[in-house]
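Structures are listed in the sections that come next.
There are two complexes below, and they share chain A, which is joined by chain B in the first and by chain C in the second.
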Partner chain A sequence: MFEAVAFYLFAFLTITMFYITVTTQQALYALTALAAGMIFISAFFFILGADFLGVVQIIVYTGAVMALYAFGMMFFDTTRDVVEKRTSPQMIFGMSTLAAILVVAIFVAPIVSDNITAFYPVVEGVGNSQQIGLVLFTKYLVPFEVAAIMLLVAMVAGIVLAGKKMDRSLTLMDCDDAETILQENKES
Partner chain B sequence: MDTAFIIETIVKIVVILLIFSALAGIGTYFERKILAFMQRRLGPMYVGPFGLLQVAADGVKLFTKEDIIPTGVVAKIFKIAPVITAATAFMAAAAIPFLPTFTVFGYTVHPIVADINVGVLYVLGVMAIGLYGPLLGGLASANKFALISTARAASVFISYEVITGLSLLAPLMMVGSFSLIDFNNYQVDNGWLLFSQPLAFILFWIAAFAETGRTPFHLVANDHELIDGFGTEYSGMRWGLFFIGEYANMFFISFVMALLFCGGFGDGSVAGALALLGKVAFFFFVFLWVRAAWPDIRPDQLMWLCWKVLMPLAVINIVITGFVMMF
Partner chain C sequence: MEITLNHYLVLSTILFAIGLIGVMRRKNLLMLFFATEILLNSVNIGFAAISHYYGDLTGQMFAFFIIAIAASEVAVGLGLLVLWYKRNGSIDLDMMSTMKG
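The block that comes next holds the complex of A and B.
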């Protein structure tokens, strides 16, 4: 009974939050609703007994949305509404309904045809995090390592792109030197 | 799931809420007294014996103050931001065992709300959400100083999270579980992790200062600008909620440090329980001591410290621990 109540509560909350994210004109509402929705999703993992994934969901998405906030802070005056070119509200409803039906159809298909079997059934007496480790380092070792290499490439690229002039700090140098550099930047 | 379990859980939640809300108030008393002692002042001394009732006076003041929502703020976000800080601080406490299991009138009490098997991760993850409070409060405030302090909060957030995660990895590898109770039991058999993982302990301790936003990483509230950073526009109980959240976080992170690295409650005897409280009191005292002894550092210094000094150290620690465990 508790699981059913919790499921419907969090399903409702998640959908409301993402609805606000899509429809609101206020950047802060959108970002906050996005973060809240992502955190509410973790509740489903907890209900299903996948504690580790639930916590990872919380940690990863609070960090990710935090980066979005940083961008929001730089690009918008967050206390004002963002004026968007809105074609039609019907479009939003139509598209989201279509997407929802599509997703439900994809997930329901194997259940309807009774073809659902676990490739890696739960190992008894082993913790949640150990089970993920088992699957990650046997079946999915190659995708896991490839993802690691891609992240490494992204990190190196980020450092190369952002790392120019990183060895000098405007706050640490003399006032005059900093002035000249700012002047040069303005001219170029 | 029987009724007794539900009632027990609700009672536990209420007790934790009450105790730690009260402790947040008493914590401010100790903070003032200790700071005053270190700065050769007297601190609170007029209200009640030794100024003890100052806490109650402050409480009355906070609760009865007018709740002002300034014009030009994003009202809903402005109102909800302090609630996020306070609520997530207490949510994080759900996976912390505050005392060893004890028996009252023949009824065994587990002083932990939920012993989930990813306890450490849960506590740190939910605590991290608490930083959304200052962030949202500052962004919604329509105040330039609040906005600047929000930018600092973001810089703190992206710096310390990596250190907490990486510094914990090495002890986690040794214990092989995320549960705080398993950490405690491991240390009963094998000695404190503080001695086998001293580097991880120090890194985690430094990160804890950033996590709770205490001096020397007190960047979210700009003390040197003589305002309260993200809290500039807040008044009354909404500001009080930020306060309760910050102090509750300090207590909870002290519990986590004592449980992770300093043996926790040991074998579960009364002496062990008292020792746990003593360790927590010590860590709390160090939070105050550091505030009296050190100035704040700049955001760029914090990022330099976290990314260029502490992160490589944490990675080296993990590699060494891995090799030692393998061979």
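The block that comes next holds the complex of A and C.
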């Protein structure tokens, strides 16, 4: 009973938040609604017994990704309204077709996959984090290391791309120097 | 009132459809990024639910790797976006048609 109440409550909240994210005209509303939706999604992971995944969801998505977006939005002009594309009939047709196919596939999938057996069954008697550790550091060690290298590459790429000319601070130099730099940026 | 796997899969589909709507109707690239995050999160819910109902940890592993990929995607994509905005002063998709014939 408790599970059902929690599921429906968080499902409603998540859908509402994400709907606000995709429909609002204000970039800041979209950002905050998305952050709230991420936190509500972690509730599903806790209900499903995947505690470690829920904690990672909160830390990585709300802590890292949303903070990165918030910092990135300082570069953009977020106060003006976001211009919307006019939706064409073809697009609506394509979207609804895709959604219908997805729904059918979901209701057929349990029938097709009746004889699925667990590949790495859940170990009894230990917590979720320990189970994750047991599987991650034995069966999935190579993908884990590859993911670590990928994150390192992404970090270096992010610094190289966004950190250009960041050693010069426009607020600390004279007005004239700052003006010339702004002019150069405008021309190039 | 038992919550079954289908409940979670339907929720995952609804969120995925919302993300698809966002991808298709947004013009601003930052908003497109938000919609991609919604897509990735909806898939994560599906993976976690299947992992729970079949007693298998593989789904959770996949969800972890998806989170790692999403984090690196945001780092690189936002860097490119900042660079583009510094150069052109706009991140609308319509402004990026430099090769219009």
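The rule we apply is simple: the second predicted complex is superposed on the first by the 118 of 188 C-alpha atoms of A that agree within 3 Å, B and C clash if a C-alpha of one lies under 4 Å from a C-alpha of the other, contacts with A are read in each partner's own complex, and residues count from 1 in each chain.
Throughout what follows, a contact is a pair of C-beta atoms (placed from the backbone, for glycine too) under 8 Å apart; a residue touches a chain by one contact, two chains touch by 3 or more.
For clarity, every value in this text was computed on a predicted model and none was experimentally measured.
S.K.: Determine, under the contact definition given at the top, whether A:11 touches first (chain B), second (chain C), both, or neither.
M.R.: A:11: touches chain C, not chain B.
S.K.: When the two structures are overlaid on chain A, which partner does A:136 contact: first (chain B), second (chain C), both, or neither?
M.R.: second
S.K.: Quick one: classify A:26 as touching chain B (first), chain C (second), both or neither.
M.R.: After superposition on chain A, A:26 lies in contact with chain B alone.
S.K.: Could you figure out whether chain B or chain C reaches more residues of chain A?
M.R.: Tallying touched residues of chain A, the top partner is C.
S.K.: On the A-aligned overlay, A:67 touches which partner chain: chain B = first, chain C = second, or both, or neither?
M.R.: A:67 sits against chain B, while chain C stays out of touch.
S.K.: Does chain B (first) or chain C (second) touch A:162, or do both, or does neither?
M.R.: second
S.K.: Touching A:151 in the superposition: chain B (first), chain C (second), both, neither?
M.R.: second
S.K.: Is A:51 touching the first partner chain B, the second partner chain C, both, or neither of them?
M.R.: Once the two structures are laid over each other on A, A:51 reaches chain B alone.
S.K.: Check whether A:98 is in contact with chain B, with chain C, with both or with neither, and answer first, second, both or neither.
M.R.: second
S.K.: So, does A:41 touch the first partner chain B, the second partner chain C, both, or neither?
M.R.: second
S.K.: Residues on chain A in contact with chain B in one complex and with chain C in the other?
M.R.: 52, 56, 69, 72-73
S.K.: Can you check the complex and tell me which residues of chain A touch chain B?
M.R.: Touch residues, chain A against chain B: 2, 26, 28-29, 32, 35, 39, 51-52, 54-56, 58-59, 62-63, 66-67, 69-70, 72-73, 78-79, 127-129, 169, 171.
S.K.: In the complex, go through chain C and note every residue touching chain A.
M.R.: Per the touch definition, chain C meets chain A at residues 1-3, 5-22, 24-28, 30-31, 33-35, 37-38, 41, 44-45, 48-49, 51-52, 54-58, 60-61, 63-65, 67-76, 78-83, 85-87, 91-92.
S.K.: Using the touch definition from the top, list the residues of chain B that touch chain A in their complex.
M.R.: Residues 1, 72-74, 76-77, 80, 116-118, 121-122, 124-126, 128-129, 131-132, 135-136, 139-140, 142, 147, 150-151, 154, 157-158, 161, 177-178, 298, 300 of chain B touch chain A in their complex.
S.K.: Taking the complex as given, what residues does chain A use to touch chain C?
M.R.: Going by the criterion above, the answer is residues 1, 3-4, 7, 11, 14-15, 18-19, 21-22, 27, 30-31, 34, 37-38, 41, 44-45, 48-50, 52-53, 56-57, 60-61, 64-65, 68-69, 72-73, 75-76, 82-85, 87, 91, 94-95, 98-99, 102-103, 106-107, 109-110, 116, 118-122, 131-132, 135-136, 140, 143, 147, 150-151, 153-155, 157-162, 164, 185, 188.
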